[in-house]
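When the chains are written out, they are named A, B, C and D in that same order, and each has its own residue count from 1.
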Amino acid sequence: MNLPTTPAELLPFIIAVVTSHTFITLVIFPGFIHLTVVVMFLTWYERKLLARIQLRIGPLYAGGPGGILQPIADGVKLIFKEVMIPYKADKPLFLGIPLALVFLGALPFAVIPFGQHWVIANLDVGLVFIFAVTSLFPSMILIFAWASNSKYPFLGGLRSLFQQVAYEIPMWISALSVVMLAGSLNLVQIVTAQQRIWFIVPAFLSFIVFFIATMAELERLPFDLPEAEPELVAGWYTESSGAVFMVIFLALYMKLYLMSSLITVLFLGGWWGPAFLPQPVWFILKALVVATFMIIPRGVYPRLRVDLLIKVGWTRLLIIALANVFITVALLSTGVLSAWGL
Amino acid sequence: MSAALLGIGIYGLSVKRNAIRILFSVELIVNAANLNFIAFARYMNPPHVSGQVIVFYSIAAAAMEAAVGLALILVAFRLNSSIDVRKLNKLKG
Amino acid sequence: MALNPWLLIVIWGVILIVLTGPMLTLPMFWSRRKPDQFRDMPFESGQVPQGEARKRLVMQYYPYLLMFVVFDVVAMFLFAWGISFTSIPASDSFPVLVFLILLGAPLGYALKMALRRENW
Amino acid sequence: MDLSVPPDITFVVLTTITLLAAILALQAKELIYGAISLGISFIGIAGFFVSLDAPYLGMLQIAVYVGAVVVLILFTIMLVRREEADKEEAGEGGEGAAGLWIAGLLAVSIAGVAALAGPNLPISPPATNLPISQLGPVLTGTYPVPLIILALLLSGALLGALVLAKIDR
């Protein structure tokens, strides 16, 4: 297929581009539209679920069954609200960082395989790519907190920084055992290796560590100190309003979905499932189940104290994760797992 | 390209007075060297992975250098309440 | 038609910028622009903010940050070893285990230092 | 569809980003902006690594430099923050010019040597990819001793930085 030279060739060219697999993966299915829909669904889902836990009704009036159109109403409201930029705030950073957060939250979806062929970029270093991109979040948050020139965001940003920094390492090291089992960093190959058994079985300990670390990374309760309402109002995004708030909110839910997808890929067998449903459906279902388990504690648990939180991350989780590496080494070299072709 | 990066780094190293900026310059120089390692490893015939391994170590060492350097800056700041290297010329704090 | 995956990631990034950028740039057109000293005041539960917001930080958690830098590097090394664990001879894994054990000592010391609050 | 980007364009774009960000890192008025542009410059270099068939190192670069070192730098900037520390250094005039000359001469001479030697370098075809899985065996099999030395270096750096940063009471 060549680039069009005459106007007559333009229309067939456009049709060919739009119907090509690459275009569909980029824009429609694992791409932009799918992401937007799922993230909007997640915001509604979280509110509804929490409401049920607390014997409330939750969103109801925005239209659709159970007020499922609530996110759209929220979005329209937030877009047309006034954006307040605090006095003496650093304006370019204050506006730029939220966009960067959404960008970074959505960028790793390029390498997450939603099905055998439903992946935007089949990258050889996919897992490390995700880790590299997510490791940019702490600095972004710190800069945003600094830029808003206010005390609550600054304190919240600091807490967030240390929390994410403390839990990133256990997260990586617990993912290491999965990498050792699969022998690859390519997420497609990692999922393919789980055809016979999901890695949650041979790497159960690292699943636990990864899950807890993920919760902390996402700043969800019981780890939501950076946005502890009684102390810090809304944490590092206290000063954001209107569209800025909407963008940050979107970024946070994007990250929630990203982490659930990552857990699905690493431990829950990705797209594998009985054949009566297509692969992407299985994937999304699993990711939503993981997200549910991440949301539920928010309705149930109190939060920890900040120094205890960091201490737990470094002393317990890191040690468990490192021990887990040795366990995996032992499992692999004794050949216990050879029955599953590992 | 790498040479230009090195040039910027050396310029910063020789001119700037703020210790943190000097650290920036050092990082830039190290990165220029890394880039050369990778490039030469890539254009060797046949391409060889040793260059990448060296850069692996180099990145680790540079990260450690940054950590220690920043700790030193902190100490200097605490002792002198300034991070201007031209004021740090006394041996006694 | 196999495109280079990195190129695809770049395209994905461009799509993201193009489609998410307007979310924040468009509202700027209809948002109020006249500065207002009272409405733009940082939020402090209704109090008038006092003093500088960008305070100097506390040292308390600095050692954790140092540990982060060190273990970031360690984790990347472990990944490089982990992907090929099953394909290399067991004797080659030995240095890595020594590497890990060697790092255990400073980790213990750093934790001890970090947990002692009066040091910072 | 022929959508492969010629390597020259990649090179030009990455060079522009990296160099501009590097210059900005040293010249920005606020240290925070300096740190951010340093991060951008590192990302540009990571882009170079990727385009030179070393994607794993590119990711390592981002994770270690942008993820960890820049955070450390930001934190230190905020720790030592004073009004004076933010001001752009005064009185750079004469020395600034001298530094520029030295740096310029050095860069030009290196570039000159590279330009003279460049055509003689054997350029291997880009088809031969370096698989990332090769990195591990070489790391542990061929170079085990540096690995141990690196462990000692890491330990030493961690301990040294801790002891340095400690407040003596």
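By definition in this document, contacts are C-beta pairs under 8 Å (C-beta built on N, C-alpha and C of every residue); 3 or more make two chains touch, one makes a residue touch a chain.
Because the structure is a prediction, the values reported are computed rather than measured.
Student: Using the touch definition from the top, list the chains contacting both chain B and chain C.
Tutor: Of all the chains present, those in contact with both chain B and chain C are D.
Student: Which chain is most central here if centres come from C-alpha coordinates alone?
Tutor: Central chain: C.
Student: Hey, which pair has more contacts between C-betas, C-D or A-C?
Tutor: A-C
Student: Chain A to chain C: how many Å between their CA centres?
Tutor: Taking the mean C-alpha position of each chain, the two centres sit 15 Å apart.
Student: Suppose each chain is reduced to the average of its Cα coordinates; what separation in Å results between chain A and chain D?
Tutor: Averaging C-alpha atoms per chain gives centres 28 Å apart.
Student: With centres defined as the mean C-alpha position, give me the chain B-chain D separation in Å.
Tutor: Taking the average C-alpha coordinate of chain B and of chain D, the gap between them is 8 Å.
Student: Using the touch rule from the top of the page, what residues of chain D touch 2 or more other chains?
Tutor: Chain D, residues with two or more chain partners: 1, 55-56, 60, 63-64, 67-69, 71-72, 75, 78-80, 82, 132-135, 139, 150, 154, 157-158, 161-162, 165, 167.
Student: Please output the residue numbers of chain B that touch at least 2 other chains, ranges allowed.
Tutor: Residue numbers touching two or more other chains: 56, 59-60, 63-64, 66-67, 71, 74.
Student: Give me the residues of chain A that touch two or more other chains.
Tutor: Counting only residues that touch two or more other chains, chain A contributes 1, 20, 123-124, 128-129, 135, 146, 165, 183-185.
Student: Provide the full list of chain pairs in touch.
Tutor: Listed in label order, the chain pairs in contact are A-C, A-D, B-C, B-D, C-D.
Student: Where on chain C does chain D make contact in their complex?
Tutor: Result: residues 1, 3-4, 6-7, 54, 56-57, 59, 62-63, 65-70, 72-74, 76-77, 80-85, 87-89, 92-96, 98-99, 102-103, 105-107, 109-110, 113, 118-120 of chain C touch chain D.
Student: Inside the complex, what are the residues of chain D that reach chain C?
Tutor: Its residues touching chain C are 1, 3-5, 50-51, 55-56, 60, 63-64, 67-69, 71-72, 75, 78-82, 132-137, 139-141, 144-145, 147-148, 150-152, 154-155, 157-159, 161-162, 165-167, 169.
Student: Quick one: in the complex, what on chain C touches chain B?
Tutor: 59, 62, 66, 69-70, 72-73, 77, 80
Student: Considering only the defined contacts, which chain B positions touch chain D in the complex?
Tutor: Touch list, chain B to chain D: 1-12, 14-18, 20-21, 23-25, 27-28, 31, 34-35, 38-39, 41-47, 49-50, 52-53, 55-57, 59-68, 70-75, 77-78, 81-84.
Student: Tell me, which parts of chain A touch chain D in their complex?
Tutor: Per the touch definition, chain A meets chain D at residues 1-3, 17, 20, 90, 93, 123-125, 128-129, 131-133, 135-136, 138-139, 142-143, 146, 161, 165, 183-185.
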